[in-house]
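Shared between the two complexes below is chain A, which pairs with chain B and chain C, respectively.
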Partner chain A sequence: MKGGVTKRREHYVTYWVLVLPAFLIYILVMAFPTIYSVVLSLSDYRGGNLFTSDINFVGFDSYKEVIDDQYFYVALKNNLLLVFISVFGQIPLGFIFAYLLSRDMVKHKDFFQTMIYLPSVISTVVIGLLWKSFFSPNGAFVQLIRVFNPSYEAALSSYPFGQVLFVTLWMYVGNYLIIFMANLQKIDSSIIEAAKIDGASEMQVLWHIILPALSGVIVTASILAISGSLKAFDLIYVMTGGGPANRTTVLSIFMYDKAFKGAPNYPVANAISTIMVVISFTLIGITKFIESRVGGRE
Partner chain B sequence: MANIQSHSPAAKVGKVITYSVLLVFSCFAVVPLLWLFMNSFKTTQEFMIDKLSLPGQTEGYSATLVNYIDAWTRGKFPTLIMNSVIYTAGTVIMVEVLAIMAGFGFAKLRCKATKVLHGSFVIGILLTIQCIMVPLFLLVNAIGLYNSRLGVLIPYIGISLPMAVYLATEYIKSIPDALVESARIDGASYFGILARIIAPMAKPVAVTVAILTVSSIWNEFMLINILTSDDALKSLPVGINQFAGALTTDYGKQFASLVIGLIPMLAFYLVFRKEITKGVAAGAVKG
Partner chain C sequence: MKKGKHTLTIALALLLCLVPAMLFAGGSSEATAAADDGKINLTVLNYRDTSATNSANEDEVVWDYFLEQNPDISLTIENIFGEPFLAKTEAYLASGNLPDVIYMWSGGKSASVHQNHAVKDLMPFLEKDGLVDDYNPAALVPQYGGYLAELPEGITASHMIFVNKTVLEDCGLEIPETLDDLLAMVPVLKEKGYGVFAMDNMTTWVMQSTLVSTIVGRLGGADWYDRLVAGEIDFTDDWFVDSLELVELLYDEGVINRNSLQSTYGTSRGPFALNQYAFLVDGDWACSSLMMDNTTGQALLSRERQENDIELIVFPEIPGEVVHDTTSGTIGTGYAISADIEEGSAKEEAAWRLVKYLQGEHVQEYRLVTGQAFPTNLNVDVDKVIEENNLEPLVSKRAEFYNTYSYTPVIDDVLSSEVANVIDIGLQELGLGSKTPVEVAQDVQDTWEKWLDKQ
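And now, the complex of A and B:
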């Protein structure tokens, strides 16, 4: 009996020794700041010592300030465009490539996969600067476009966010290729072969076997794409900095500018990040709702 | 069956189309990087004359390494690379140790607290750097860790932990309980079991965690950009952005710095291609 008690004590002591270090760092770095961000968004804190300065609760003033800011809508619109291009551009393209590669129609699968995934591994800062130079007035884009039709040159300056959308698409298709490849390999190939022996066409196999089997993965990929596009920062910060005249700004750049450019406005910056979380969870909720309605047909 | 199909004319046309699509898009993915590489061997003057030719094609110019030599010293690349190695290696080591410890606790030591604690890590996967950025900056300042290595490392460990703990717990759960129980009966302590049985068996998940952590921390830009201002503490992405980003007219040097900047991840990718692919797929299990 005594042995049982010491053993149980050892069990609990060990448990906490194992779990607590990771948990404390997690609380300190992620959980507490997340909650504190909401607190700050409701306060009037403009700087000074975090622990000793007087911080007053002012309610939703900062949220009002955000909603009254015209650039909030520019940023929101750009973010939603990024979400759109990710969900309806990256995911379908990634799926098509994965499908072509995994159906044993081509040799050198590895080669193609490596090439298409390559842009995703390289630092966003390098990618951003590379494309910034490519699209700059002295860059290759202008020289290239003159070969085809010089009048297209104007398109670049008349719609600067287009280049951001293009690079985002270019960079992340490989990510979805990899995710779909991994899950396509899990589908039992004997089912597909049986269907083919029964005379099913390639399209029928795709529509009735492969897509239903991947519905869960498509939802996961959409969630990744949505949260990824709402978080977008590095690429745009490096490529355009949100300019010219804030036309390419997104919510995280808008937030960064409020907190770290000029006089810091921490409450407004935190209000923006809280709004971002709400939008992200709403879009993810909608995705899950759509899945529960149409997904998982098998 | 497959043989008969691949000889029919329709299948041949399909094959040609498939290959063309894949080839076009693969080239599309890689050509911009080749363009960068190619132009890094041109002086800025040569680049301005022709932005699409191979280096040395323009009359009076030849391919040169001068951009690299200049960029390497003026961009302080040795310091930047060293810092990035310290941040990445430090984070990976700590995350591995902490995640496997916590994963073992959650998966094999029964406790009522697990539901809440483990659940909070899973929620953490959904939290973003945006939500913690401003408070973390204020907090790091308030406790005097601004502009210090520790002030970068602790946040890096913290943001990497949720996914790492989740993956480690799931993996260790799949190790049979009987292994732990029989070792307990033989009188082994939990820490002995962790060190001699669990840790060696958790190697595959440790590789996945390492891959995911290296790729996110090496490229991390947003946090370190606000947590340090001292040149001696900057990482590769921040340093490149400040050095190369400022060279708006000196394209040759800018391209050389970008090539230097992408080589480490490129090498990492080419060596660990298989593991990276697996890691990305594993990281996508939870949304």
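And now, the complex of A and C:
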């Protein structure tokens, strides 16, 4: 009996010894900042030392300020478009490319796989600078068009966020290609062969075997795409800085501008951050709900 | 055996606890080492574009020279440029760990530093050392926070139009003297395939700082800000709305190409030098980018071209302007001392020695020679330096520019960033054609009133 208690105590101590460092780090760098961010969003903090400055609670003033700001809706709309293009653009394209390559439907498989994945191994800042330069009024895009139409004059794009969406699509398809290819290889080929022998068409194989088997992966990919799109910052910041006139801004850049550009408004920035967390959880919840209703079994 | 297990568990726990401690301790190793060797270590937050013309030899000429002259001081310098510099300053302020010496602006761009009194008043230091008379009196006036937060390295004209005479001559045109002259040039220049104003308006502050501040000054008068604060005028009045309407006209008539809203700051200097534009609208600091880089010997504009092809002017006469021949200008940037440094300490003395040196004759002469700034230190004999160093023509043309034109305020220098940002974005909205001048003026007025309420 005594030995059992000692053993249980030993397990208990070992458990906490192993968990405590990670738990403390998590509290320090994740949980505490998140909660403190909510606290700051309800305060009138105007800069200075975070823990010694006088901070008064002002309720939901900052949230009202965010909701009253016309550019919040531009940022939100752009973010939702990014989510849309990620979930319904990057993931389907990544899947299609992975399917074509893994089912040996195209020649030079390695070449295409490398080319599609290449943007994923280049620094985001380099990609941003490259495309910014490409689309600039004196850039390669204009020069390219002038080869066919010498009198072409670069006009202001009527929809500047379109360029960002295009680059985002180009840049991240490779990630999903790799995820889907890895999981397609896990599907037992004998099942597909048996289906083929039984007379199943390629579409039937895709619909009844491959897609159900990958439903969990698709949900995971969707969660990655949603969270990635909501925190999108680096590429857009380098490419456009959110301009012109905030037309290409997203919530993270909008938040950054409020916190660090000109006169800092930390409560509003923290309110935006809290809104982003809520949106993120909501979208991921919807994805999980859809998966639970229509997803197959792996 | 059991004891051995316990020892292993405790050792593992200690190791896991020590790893983060060791990681966090790593950051201060340099400062500790510096303190151990008996030197006073100063941390410096410096604004520097390390890829800019004449930036490469700044380490040697400015910072290493200081260390040679002051062997009892060591420096830990952080060089940052552009928006990230402002973000880092805000982050330092929020953490309460401002570096000992920081680069900053005299106006609203460094509003948080001024308003939080995060840096020391430098006037008592100047008075104590008897240096007040060594500086241009205009450079020592109280700044945004009501005191001398930074010692300015120069007086800056935020609006300067560089004229490409080669392009004008090719089109049979003269330098425009009035707005009508300018508008009449547009079809002629377009016919020959030239652009009119080279500007990079994707960067939000560019239009406001390098053009609109001057227009607002012309139509509102040199004292527009004082009258605004006194409540005598509003942003919805004619002086401001007319200024915005002029910007709209410049876009509509093709003086400013709308695609400049997709061009980031600095990128149009090259095309201007390549004779693709008739005018470059920029600040006086653009001179250094066009001049020769001392380390490579390369220049966007050769000495010969600077002498024969380039003129420095201001925006032509506008109908209804109340002041003439003005540019927008402000006290330049400079270095400040953190208020956290203990008064009367050896560190404070070292920090002042550094700030004094950075605005002393040696560094200001270097900045003049490289075209970065025009000196505030009266001990720098500009004419003599130009002659002795056989400086490039743009330096003397710049000196002449300062003597020719008078100044009106720069918008983002006198207004809080909160208000200036709305003007910046509003000017881009005008470029996009998505708001009218009246709507933009109303947005600015609303923000101004909101800001006033908070004061």
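Please note the rule applied: the second predicted complex is superposed on the first by the 258 of 298 C-alpha atoms of A that agree within 3 Å, B and C clash if a C-alpha of one lies under 4 Å from a C-alpha of the other, contacts with A are read in each partner's own complex, and residues count from 1 in each chain.
The rule we apply is simple: a residue touches a chain if its C-beta (ideal position, glycine included) is under 8 Å from a C-beta of that chain, and two chains touch if they have at least 3 such contacts.
No experiment lies behind these values; they were computed from the predicted model shown.
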Exercise. Taking the superposition as given, does A:I122 touch the first partner, chain B, the second, chain C, both, or neither?
Worked result: first
For this session: Determine, under the contact definition given at the top, whether A:R247 touches first (chain B), second (chain C), both, or neither.
Result: second
Exercise. First (chain B), second (chain C), both or neither: which does A:I25 touch?
Worked result: both
For this session: Classify the contacts of A:I197 with the two partner chains as first (chain B alone), second (chain C alone), both, or neither.
Result: first
Exercise. In the superposed arrangement, does A:Y266 touch chain B (first), chain C (second), both or neither?
Worked result: both
Exercise. A:Q143 contacts which: chain B (first), chain C (second), both, neither?
Worked result: first
For this session: In the overlay, work out which of chain B or chain C sits against more residues of chain A.
Result: B
For this session: Give one of first, second, both or neither to describe whether A:I210 is in contact with chain B, with chain C, with both, or with none.
Result: neither
Exercise. After lining up the shared chain so the two structures overlap, which partner does A:T14 touch, if you call chain B first and chain C second: first, second, both or neither?
Worked result: both
For this session: Enumerate the residues of chain A that count as touching chain B in its complex and touching chain C in the other.
Result: 10, 14, 18, 21, 25, 49-50, 136, 138, 256, 259-260, 266
For this session: Give every residue of chain C touching chain A within the complex, in rising order.
Result: 5, 9, 12-13, 16-17, 19-20, 83, 86-87, 90-91, 93-96, 108-109, 111-112, 116, 201-204, 257-264, 267-268, 271, 276, 416-418, 420-421, 425, 428-429, 431-432, 434
Exercise. Inside the complex, what are the residues of chain B that reach chain A?
Worked result: 1-2, 14-15, 18-19, 21-22, 25-30, 32-33, 35-36, 48, 50-52, 98-99, 101-102, 104-106, 109-111, 113, 117, 120-121, 124, 126-139, 141-142, 154-155, 157-159, 161-162, 165, 189-191, 194, 215, 218-219, 221-222, 226, 236-238, 240-241, 244-245, 248-249, 251, 254-255, 258, 261-262, 265-266, 268-270, 273, 276-278, 280-281, 284-287
Problem set entry | In the complex, chain A residues that touch chain B | 10-12, 14-15, 18-19, 21-23, 25-26, 28-34, 36-37, 40, 49-51, 93, 96-97, 100-101, 104-106, 110-119, 121-126, 129-131, 133-134, 136, 138-140, 143-144, 170, 173-175, 178-179, 181-183, 193, 196-197, 219-221, 223-224, 227, 230-231, 233-234, 237-238, 251-252, 255-256, 259-260, 266, 269-270, 273-274, 276-277, 280, 284
Problem set entry | Residues of chain A touching chain C in the complex | 10, 13-14, 17-18, 20-21, 25, 47-50, 52, 71, 132, 135-138, 153-157, 160, 240-241, 243-247, 256, 259-266
